[in-house]
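Two complexes follow with chain A in common, the first pairing it with chain B and the second with chain C.
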Partner chain A sequence: MGLLQELIFGLVTGSYIAIAAIGFTLIYGIVNMINFAYGEYLTLGAFIGFLAANALPGPLPVAVIAAMIGGGITSIILARGFFTPINQTGPVPMLLTSIGLGIALRNAIRLVGGRSARYIETETSTFRFDAIPEIPVGSVDLLGGFFITSEHIIVIASAVIVFAAVHLLLTRTDVGIAMRAMGDDESLARVRGIDTQLIRDSVWVLAGVLAGLAGVLMAIQTNVSADTGYSHILQILSAAILGGAGSPYGAIIGAYVIGLVLAVSTAFLPSSMTGLSSAMAFVILIAVLLVKPSGIAGSEVREA
Partner chain B sequence: MSLLEIVDLDAGYGDLQVLSGVDIHVDDGEYVTIVGPNGAGKSTAMKAIIGIATCLGGSIEYQGTDISGLSPEEAAHNRIGYVPQTNNIFPSLTVEENLRLGAYVLDEMPEDRKREVYDRFPALADRTSENAGSLSGGQQQMLAMGCALMLDPDMLLLDEPSAGLAPDLVDDMFDRVDEINDSGTTILMVEQNAKEALRRCDRGYVLANGQNRYEDAGDALLDNEDVRQEFLGG
Partner chain C sequence: MNVRDRLPSGHGDRALIAGVVCILVGALFALTPLRVQLPSAFYVFVEVGILFVIYGMLVLGLDLQYGHTGLVNFGHVVFFAVGAYATAMLSAQDSFAGIALAYPWPLGLVAGVIAAAILGAAVSLTSIRLRGDFLAIVTLATAEIFHSLFVNFEDIFGGNVGILGVPRPIAAVVSDGDTRLAATLLVLGGITLLTLAAVTRLTDAPYGRVLRAIRADELVTRSVGKSTITYKTQSFVYGAALAGLAGGLFALYNGAVAPGFFTIQVTVTVWIGMLLGGAANHRAVLAGLAIIMGLRLISRFALDVTPVSSDVFASMRLIVVGLILVAVIRYRPAGIWGDPQELGVDQ
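After this line comes the complex of A and B, so read on.
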């Protein structure tokens, strides 16, 4: 396969990682916790989308919207049950709680949903571009024909819509500006009269909606299983840290860097070493953090 | 009449009591300064008014209503302008967004107030969409004051407004406080630059060890030999 094809795959992977990483990094920046159960939010979104696609006669967008709503509701219920009560204990107890919650959720999903992977049936159109010349360099083709499916386009377009919507929310609405203010300085936010619990709840709902969307997009792209979200949590975490933890814009950049690095290293590594490609994302992460510890868009190194 | 009436106030943070039995009253339109050595509890008195410090006893009445024991987000609805000494702006928000949050408790954005703030501080008007963190120290202090003024407050609390300012900006800052007071806003200010603050204000309090020590007109405190020896470095 040519490099162009790998770049398409990288853009697709980067897109759903980016959607999830925005939610993850908002929780980190505003609620001030690393939520390791976040992968399971994606899995739940994937399952809700799968069930909705099978149960409802409607077209695919209905399943996507169901996953987003389901993700938002799940997220706020879990937050109210497990995280809000220990909000004052600090980041480390909250991190440990989220790890435990993640394990419990993952196994609960496995118990109910079984081990097998399921597929969301979609009608896929494939667009081929075969006329592009190949530029072989050694075993690698630097250009080459490629194809893009309607699923790829849905994933990338969804991500672009999400970026625009999140940007408008964070810069044009009171609740969005209040979210960013809380990320800066919670005590001053309270002095300004911002109801910090309400803002935290809003962040949980938003992060859940984004997780539901990312999960169902992954499900459409690959499959639905108990590990759908968990298998991506390290990439999401890396994207958020790479971009500068707490910055949604940085998370978007970080996600595409990781998606593209994964894809390109698949293209360049000899076929016997493709297993290493998933490690390449972390090589990049370590390299960036050595040069700029606060991440690409980060302004400060937060203390845990 | 008395706009703010603090009576026999005990206040602190959690179990740590900082103030004991402090009395402060501020009349409508007055300019009152609190001075005293480090650790005297000057800032704590302000923080008790806006709900950051905990009231352990006594009372705080503002416009005739007891406001002690409110949380900061509840106290914000009293629309008392408060400019903290440090961390008084949101650095990653733009100048415009900072002002917008200054008016967060109001039902709608007071556009005319915003114009007044920009008129008062023209340096801010040139940089409305820049991140507040990129402003100079003096401009950040203006922005912090502007945020407090967005509420059109009857009373403005200033915590060490000259701290961290370059010396040539300190006079300018005091002039601006005079202007704000002249336009009818009551001022309660904590200041480490005690002599200048007492020269400018109507009335002053000297706090030490969390208790009232002296209270008098600003000039009278400056002339008071004991106050000079003990607190103003002779």
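After this line comes the complex of A and C, so read on.
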């Protein structure tokens, strides 16, 4: 396969990582915690999507909307049950709680949903572009013919819509402006009369909606099993930290960098070592934390 | 003066004596024709017991890092794995895949400890300044990177099969199965007790007070002239080296290493054990680990009497384990035997 094809796969991967990473980074910025159970929110969203696609006769958007609503409700219930009561204890206990919750959720999903991978069936049309000349360099073809499916276009278009919606939310609505104020300085926000708990709750709902959407897009584009969310959490986290933890715009850039690096490393690694491409995301993560821990646009995370 | 008065009173010294006794008794079984016979219901206890004493070394090292110094290392398994792989690759006689150099096993064990310590030094030199939750992420990512290296470089690490043909020093001198298990448990348990004695000695000393001061307030510790970064690095490297020792001993007990033995599940088990028992208290973390690993025994016995598949049971056990972690942090942040005052956590 040509590099051009891998780049399209990279864009698609980057798109759903970006949607999830926005939610992840908003939680980080406003609730001040690394939510390690966030990958399970994606899986939950995908499974709600499966249920909706099977139970409801409606078209695909119905399943997507059901997954988003389900994701938002689950997220606020879990936050109220597990995270809000320990909000004052600091980042490390909250991280550990989310790790414990993640283990429990992942296995509960496996218990209910089984081990097998599933996907949402959609009618796909494929657009082929075979006339592009090949430029082979070693074993890698720098251009080459490629194809793009309607599923790819759905994923990328959904991501663009989400970016626009989040941007409008954060800049044009009172809730969004209050979110940014809280991310900046919680005490000052409270002094200005912002109901911080209400804003925290709305961030949880928003993050859950985004996770549900990312999960159901994954289910449409590839397939989802009980472990899918967990296997993506480090990529989401890398994207958020690369972009600067707490910054949604940084997270979008970070997600596409991660997606493209994964795709390009798949193209250049020998076929016996393609498993290493997922390790590339973690190498980027560590490199960013060592060189510029604040990411592309973010605040200091070093103590001393 | 009778013998009782001569016995040392500190926990550390008692652990030292108990450890030496265990190793001597174990050696007695291993080197003389003395034989033990275990009831067959006992096997599972001894097997989980051996794993417990090996994980015990991990939890003691982790407690040095987190309980005493406050370093959030969520990739502890990587040091365990590196120790095991280094030992296995140097000492394996003839492996199906991967490197097998067939050096004597003591050399392999030393190399395992050193390799883990070097990795610990590399991680701490680069990342020890990061805030707690970010250090957790870096160590976790390090563990994931090494895991995928072990799986993907088949020529070096043997891929998913791992490295076979690692010498088993105790199995080599004891042919009888029951005696071998008992001797292994005694020798490894003795080494864990010696480790307990060593870390108790370290943390009872003024050195340990500095570590706990760093955990309580790093700025204050720095302001009284202690180089906190040096102390944190040392504590991290000691913990890593201990994990390397545990890994090397695991390889020599198991006779093979493979990526499947070194998943994030190991990290999670020792973390939950430590938090449940009570961080910063060496005997408490071992007790907490015993409770968590005891759950494995329960689920194994319950499996025989309930009509559910082992898959379902494994999922149910992990749900319980995850919820225990959540509950401990929320309702008993200092653990069962921990001291909330000393740990500085809000109840």
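As a working rule, the second predicted complex is superposed on the first by the 296 of 304 C-alpha atoms of A that agree within 3 Å, B and C clash if a C-alpha of one lies under 4 Å from a C-alpha of the other, contacts with A are read in each partner's own complex, and residues count from 1 in each chain.
The rule we apply is simple: a residue touches a chain if its C-beta (ideal position, glycine included) is under 8 Å from a C-beta of that chain, and two chains touch if they have at least 3 such contacts.
Keep in mind that what you see is a predicted model, and the values were worked out from it rather than measured.
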Combined model on chain A where chain B meets chain C, clash or fit: fit
Superposed model, angle subtended at chain A by chain C and chain B (C-alpha, nearest 10 degrees): 90
First, second, both or neither for A:R172, with chain B first and chain C second: neither
First (chain B), second (chain C), both or neither touched by A:A181: first
First (chain B), second (chain C), both or neither touched by A:G100: second
Contacts of A:V191 with chain B and chain C, given as first, second, both or neither: first
Touched partner set for A:L289, first chain B, second chain C, both or neither: second
Of chain C and chain B, partner touching more chain A residues: C
Smallest distance from any CA atom of chain C to any CA atom of chain B, in Å, after fitting: 14
Overlap of the chain B and chain C footprints on chain A, listed as residue numbers: none
For the chain A and chain C complex, residues of the former touching the latter: 33-34, 82, 85-86, 88-89, 91-93, 95-97, 99-108, 110-111, 115, 234, 237-238, 241, 272-273, 275-276, 278-279, 282-283, 285-286, 289-290, 293, 301-304
Chain B partner contacts - residues on chain A that touch it in the complex: 171, 174, 177-178, 180-181, 183-185, 187-196, 299
Chain B to chain A touching residues, read off their complex: 50, 52, 71-73, 76-77, 82, 84, 87-93, 97, 100-102, 104-105, 133, 147
Residues of chain C that touch chain A when the two form their complex: 72, 74, 126-127, 129-134, 136-138, 140-142, 144-145, 148-149, 151-154, 218, 222, 228-229, 268, 271-272, 275, 311-312, 314-316, 318-319, 321-326, 329-330, 333, 345-346
